[in-house]
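Each of the next two complexes has subunit A plus one more chain, namely subunit B in the first and subunit C in the second.
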Partner chain A sequence: MSYVGEIVHGIRTLLTGMAVTGKYFFRARKEIITQQYPDNRDQLRMFERFRGEVVMPHNENNEHRCTGCQACEIACPNGSIEIIWDRKVDEKTGKKKKYIVKHIYHLSMCTMCNLCIIACPTDAIKMAQNFENSVYDRSYLTKVLNKPGSKLMDGIDE
Partner chain B sequence: MEEVKQITLHPQGRTEEYFINMGPQHPATHGVLRLLLTLDGEIIKRVDPDLGYIHRSIEKMTEHDTYRQIVHLTDRMDYLSAHINNEAVCLVVEKALELEVPDRVKVVRTILAELTRIASHLLWWGVTGMDIGALTTFMYAFRDREMINDIMEENCGARLTMNYNVPGGLMWDIHPNFQRRVKAFIKHFKTKLPEFDRLLSDNIIFRKRTEGIGVLSAEDAISFGVTGPAARASGVSCDIRKKQPYSAYDRVEFKEILDTRGDTFARYKVRIHEMWESLHIIEQLIDNIPEGDYQVKTNAVIKLPKGEYYQRVETARGELGVYVVSDGKKSPYRMKFRSPGFSNLSVIDHVARGYKVADLVAIMATFDFVIPDIDR
Partner chain C sequence: MYDFTPMVEGINRWLHSMMPDAAATFAGWVLVALVYLALFAVMGLVLVLVERKVAAFFQLRLGPNRVGPWGLLQTAADAIKLLLKEPVGTKRADMFLYNLAPFLLIIGAMMALSVIPFAPGLQAFDINIGVFFIAAVSSVGVLGVLIAGWASNNKYSLLGAMRSGAQIISYELSMSLAILTMVLLAGSLQVSQIIEQQRDYWFIFKGHVPAWIAFMIFVIAGTAETNRTPFDLPEAESELGAGFHTEYSGMKFAFFFLSEFVNMFIISAVAVILFFGGWMPLHLDGWTGFNQVMDFIPPIFWFLIKMSVMLFLLMWFRWTFPRLRIDQLLKLEWKYLLPMNLVNLLLMAFIVLMGWHL
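Right, the complex of A and B next:
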């Protein structure tokens, strides 16, 4: 290619690229994909399968579904879940029954792999859609999932 | 008249070789990789990669984990082909257990793997432009990649570390919106991909920076163990999807993209064409997802029979091999990952010699290194 020809070719290719960006410059309003994140917090809905953190749902009587079987603790690849449990006499049957004292969850170690949720036989834990997990101290990331004074829901056995 | 003393820095007209460190914190290495460059002026004489800055001993960790738990570790190796890495581990476990997964699983895995490949190549396209100096490409690539990330998030539950595969199938069935969203993406992306060519591929500055730079011959590619698009740009036919079809690749029709030039531009072109082929594969499968179970029932504790098992898959970067030695217990005796990044990095010294430092950035960009994949 001659010297002049190369200059002309160069300018033409540059303009072709500029035409693409120019197109978006003039019709920018039609294709806005940016989300105004901190401002749109109220409307923001994550997908239902999104894995944010492990939570234990409680019903209105402060009851949960966790029997303390420790399946989630065994399934967890990185030791994020620790269960402190004990046995006490069940008033109805008179037998000793396992119950959880504390279901401790280390969010700082969790990789959101979802294996604990799959392992749980009673659907006691689930993944929440919350993703804003920043705190000022690492110790805040160690959470006790069962609420104080909560007990096992009726009709759920190991 | 007094004599003027002539000062010459290098009496014989020689220049002196010197070292510089490129990385571990350098934007063009895309992670913590340190390259020790021996330079003569601006000409590269030697490149010594120094690894290990993000070594997390994933191979050792697998020896303490069960086969279900291993899958999520592989997300963190080549995080841009996370789904394909997961698939590799699941395939090797299924191979050892002689488990036949349903057709539905195979097809969904293939669709997701190809979406992952497009997402990975999109990110690569964006940062390649950025490495060479075209900042616009990054924004365009991320706009389209966002659609794939949304599909992944809705279907798998996470945007990058999907962990959607489990030994024996998938974690959940596909989301009801999955097919609709993938079709919308294909329609959208088909109009955008030609724009990529107009924006960057034909650009004169980009061409001058890439054509004839970092030439890798087919013989060298084979002897260094280079795989993936980097080897195919040199004319080495090495696509595992063609050579040893796994999942649903034996029932789709697609071309293996080959180029013979072996330079930086050829590697660029191969990846662009691969995106078209991936779209073609997804198009064939998306309407034909067979009905059936999404998982085969496996034992609560998976124990592989004694022996050695190997499975290789084609990630976005090349051949990923998973080698398992099992002694019959619930975790492997030894697990070795043959990662594409590590082998591809070994050729960088050979390819970059004689070129300038700025060319090394372009060469590195088209080899598409993911540093956690190299170190593991």
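Right, the complex of A and C next:
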């Protein structure tokens, strides 16, 4: 490139850069991305793909979808999930069937890698968007995901 | 509001009526010094706040908004914090030079400020070599930077100071030649006369293309002189900590920080004086009504409006361009700006000789 051409090219690229930042500056009022967090706690919506913690959804009859297959426990790379299970006779079929006593989840060890959600064959667990996870004692971070007295939803099989 | 000369003379007469002549002169000096000190502090606080807000909007953030309404008191709070900080230094630093350096920087900035006219009559020191004086005195600052880096007993400070020396001495050339180009057009070095010459048209219109080229070079060199991004090699925080002021804390650090903003103000002021007519209103040939409306706006507001546009331009540079490497910096000056400037100077001389300027 010639000497003069280089100068012209340089000026043009500088102006291109300034146009980009200038556009940001004059639209800044509408597009500010800062969240003033503790003030707007009530309206704050996290992003859809944000992973806060693992939860197990229950329906209104206190039923969950977890069959106790332990796929999540096996999938978890750092042992954040422990499942205590037992067998009992199903009233309808008369067969012995697995059920969960406690689905224990250690939030303190979890890295939010999402592998348990992928592994679950019945979509019993999912990631919640809650991020306010601080507590005063580590033991509070060990959670039992199935609610007391809950049972398996009808029609869900391994 | 239009001409401050009667007000200044009134104060002078009042001082002389109250006390003997020598005492009155001395009281006048003290008064001017106090006004400039106040101006210096207010300018620093306001410019730092504006810079932070502008930077925030460029990056789609909110900027300071917690202290006072819209964060207006943020920099005042910062200044109080800096006043209360412990002055920490390095072992085996040269304490005399270490303490002297921030004051050298501030003195250079304040001296340059004294020749800048804010409005008719509002000028502390109207000497016949005004523009030359600004160029000479603004390079006293580099001495402060060099001493600060040397006396800190820290390798990063020394590297920053050496870079600053190389950079400011190189770009001083470009700046002076750009100033010289406009002085050719004005035919005077006195600031008040340069402004008076622009009563009908500003120099940026009078000087045709060479004036535009000179303005561009002046802004680039001025940005380099003030050590601002993209020429902030002396304090490149990713390489040198904070460069020459790494070892300073508390109020001494604040002096370095403030002097950057005062230098920015001076560069903008010189650009406004040389290219945009100082406090002169915008006049267009034949538009009598328009000219009268423009005359209605007081000169001090004209000056402040032009200043804010120039300062915004410098801030825009800072938040757009990435930092140059030291070899790129020197290449830009010696291989591009300097030859361009010399050709531009000849071109301007030819235009003035032929009487082609308006």
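The working rule: the second predicted complex is superposed on the first by the 125 of 158 C-alpha atoms of A that agree within 3 Å, B and C clash if a C-alpha of one lies under 4 Å from a C-alpha of the other, contacts with A are read in each partner's own complex, and residues count from 1 in each chain.
Note that in this section a contact is a pair of C-beta atoms (placed from the backbone, for glycine too) under 8 Å apart; a residue touches a chain by one contact, two chains touch by 3 or more.
Here the structure is a predicted model, which is why all the values come from computation and not from measurement.
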item	value
First (subunit B), second (subunit C), both or neither touched by A:M127	first
Greater residue coverage of subunit A in the superposed arrangement, subunit B or subunit C	B
Partner chain in contact with A:A28 - subunit B first, subunit C second, else both or neither	second
First (subunit B), second (subunit C), both or neither touched by A:L14	both
Touched partner set for A:M112, first subunit B, second subunit C, both or neither	first
Touched partner set for A:V89, first subunit B, second subunit C, both or neither	neither
First, second, both or neither for A:Q36, with subunit B first and subunit C second	second
Partner chain in contact with A:F50 - subunit B first, subunit C second, else both or neither	first
Intersection of the subunit A residues that touch subunit B with those that touch subunit C	14, 17, 20-21, 33
Footprint of subunit A on subunit B - complex, ascending	65, 68-69, 72-73, 136, 143, 146, 150, 153-158, 161, 163, 166, 171-172, 175, 195, 198-200, 202-205, 207
Interface residues, subunit A side, partner subunit B - complex	9-10, 13-14, 16-17, 19-21, 33, 46-47, 49-51, 75, 77, 111-115, 118, 127
Subunit A contact footprint on subunit C (complex, rising order)	54, 56-62, 216, 316-317, 319-321, 336, 340
Interface residues, subunit A side, partner subunit C - complex	6-7, 11, 14, 17-18, 20-22, 24-25, 28, 31-34, 36
